[in-house]
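My questions all concern the structure below.
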Amino acid sequence: MTYFSYFKAECLVLFRRKQNLVNALLFFALVIVLFPLGVDPSKAFLAPAAGGIIWCAAALATVISLESMFKEDYADGSLEQLLVSGLSISWLVLLKVLVHWLGMIIPLLLLTPIFSEMLFLPDGVLGVLMTTLLLGTPGLFLIGSIGASLTVSLRQGALLMLLLILPFYFPIIIFSTSAIQAVASGLPYSGLLAIIGAISLLALVMSPLMTPICLKASVR
Amino acid sequence: MQSNISLTISDLWIERGDRDLCKGFSLTATSGDIIHILGDNGAGKSSLFKTLFGLVSPVEGEVQLNGEDVLSYRDPLLKQSLYISHALGLKSVFTVLENIRWYFPKVSEADIARVLSLLKIEGYLDVPIKALSAGQTRRVALARLWLSDLPVWFLDEPFSALDMVSIQLLEGRIREHAEQGGIVFFTSHQPVTLLSPRRVELTA
Amino acid sequence: MSWSWFHKLGSPKWFFQWSKKWAPPVFCLGVLGIVVGTAWGLAFAPKDYLQGNVFRIIYLHVPSAILAESCYLSLGIAGFVFLVWQMKMAPIFIKAMAPIGAVMAAIALFSGSIWGKPTWGTWWVWDARLTSVLVLFMLYMGIIAIQNALDDRVLADKAAAVICVVGVINLPIIKYSVVWWNTLHQPATFSFMKKPDMPEVMWMPLLICVVSFYLFVAGLVIWRMQTEILRREHRASWLKTEVVGDGI
């Protein structure tokens, strides 16, 4: 096994299991639809809230889709094989996160303009919303991988993972929606983008350290 | 393949939950050794393997590969060993070929075809794993033994779900590997017929 | 500097024997201090000229809020110690401490909410400090939940330690983000750098309360750790002699 053959295999799994990805995107869409239906469909409510709604939906969809990230590997024994392969498990985790992130972020970025139009996102804000998604979602995925490794041995881990991981998503969501509000009211926002990027970088350091610990402890 | 290789386990103490699986377990294996690890269900045969790979931490003990400690830094052992566990590590969404390619990206098409025909699964190259029977799936996993060049093998119950012909084939391959200077550890509840391995009992 | 105390602390046997001596006095001193501090604060300290008698809830609110944060910091340190040095006592500490921290965060939230009604005119505001204590409470509940969800003890210990460490790294970020997001709360009552603005008769009982809360929690956590040691080390021979010696 090499890093490259692992990467190829991960891409192939993602492709063969594309229904999981479709489900996560449908979930993303449904959460968004909940807001006009459940709160208020008027432009007065939706326009200022649009960025926040899209971000919350993206965070929830990320947790839901990542929960099963290591589950199949754990069940069929390939996780064990990865751990004894002699390759660095930290790199393997990063590769896996990369594949999952790419699989999710591309359709997410394609859907975001459509939903922002439906939620009456103010003009000129879309670009910043996309940038925050691009900068912030790596953090969501990297932190999410820690949660996924914690709950890998549980049959019903989604709820627990939400409870564990969502609090760590708060800063990313807060700074992203703040950046969107800032640009909507004509304030500078580049500092906020830098903070989002910094949080993602911190997650990039933490995830490869913490995820292998939980994975190893789960396979015993 | 490295011709001289030795694995020394000394005074290994493993516990699981509140139970001692083995205590004061010592063993030395050198090139050419075939070691049959015996023990009742739950005696800790799989845990012994997992301890060597660092998935379970022992309470006490030392493991050395060629005189070098591999409990604190396991890479040398991991890079030399092949492990086939209860869970086979095959992806059910992959075909047979994709599963083998994942483990051996560089092995030639002809070698894979040769090994698969030896194992009587040559017609299944493009069939998804989930469409195979239990015995066939096992043989796909065991194909790694013919394709790999790693010297130390850890086989957890390799003979289960196999027919007589395949068992003899596998025993032949184990013997061949030992003759080439490898080390094989395996667990099995059935007695082996062709091999005359060293038998090591695992008791608490 | 000798590290022997560090290694001793890692041994359940040494800790058990040490804690038998120390838990009762620490706990009793804490209880006594809480009684003295609250009695002083509630009955004898002067009324606040702006908030009247309502401010007296400070004697419960501030210590519990401080403890809620300190307990989490201690969990983070214990988690780190466990992940790096595999010290046996660290997960025992985490297991014992997490529910206490959760209770402290809950007390801080409730007392803050009771304080908020007369002063701000509402039970709850989405203010930075309230929100960050709420998040802290959820982090505690997460640690408790993962410990209960995982049956395998080694895995549960590792998982809880990982969550503690990740939490303690993220806590400043979460806090900063909520502070940045919104702030309404009065600034911190105590700071190490400057003398408090309150008159001495008002902050003295508060100081007593805070210190006694620390002692109380320390005593409690040591007792809970003893229980956890009894549960985990029940096969050890030293424990049998210990328990038989106590006549249990």
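Order of writing sets the chain letters: A, B and C. Residues in each chain are counted from 1.
One rule holds in what follows: a residue touches a chain if its C-beta (ideal position, glycine included) is under 8 Å from a C-beta of that chain, and two chains touch if they have at least 3 such contacts.
As the structure is a computational prediction, the values presented were derived from the model and not from experiment.
Put simply, the chain closest to the centre of the protein, by Cα centroids, is A. Comparing the centres of all chains, each the average of its CA atoms, the largest separation from subunit A belongs to B. Subunit A and subunit C have centres, each the mean of its CA atoms, that are 32 Å apart.
Rounded to whole angstrom units, the spacing between the C-alpha centres of subunit B and subunit C is 49. Averaged C-alpha coordinates give centres for subunit A and subunit B that are 37 Å from one another.
Chain contacts: subunit A has residues 220 touching two or more partner chains.
In the complex of the two chains, the subunit B residues touching subunit A come out as 47, 50, 53-56, 75, 78-79, 81, 83, 85-94, 98, 101-103, 105. Remark: subunit A residues 143, 146, 150-151, 153-154, 157, 160, 163-164, 167-168, 170-171, 174-175, 178, 199, 202, 206, 210, 213-214, 217-218, 220 touch subunit C in the complex.
Subunit A contributes residues 1-2, 4-6, 8-9, 12-13, 16-17, 72, 75-78, 80-81, 83-86, 216, 219-220 to its touches with subunit B in the complex. Across the complex, subunit A is touched by residues 83, 135, 138-139, 141-142, 145-146, 149-150, 152, 154-155, 158-159, 162-163, 165-167, 169-170, 173-174, 176-178, 180-181 of subunit C.
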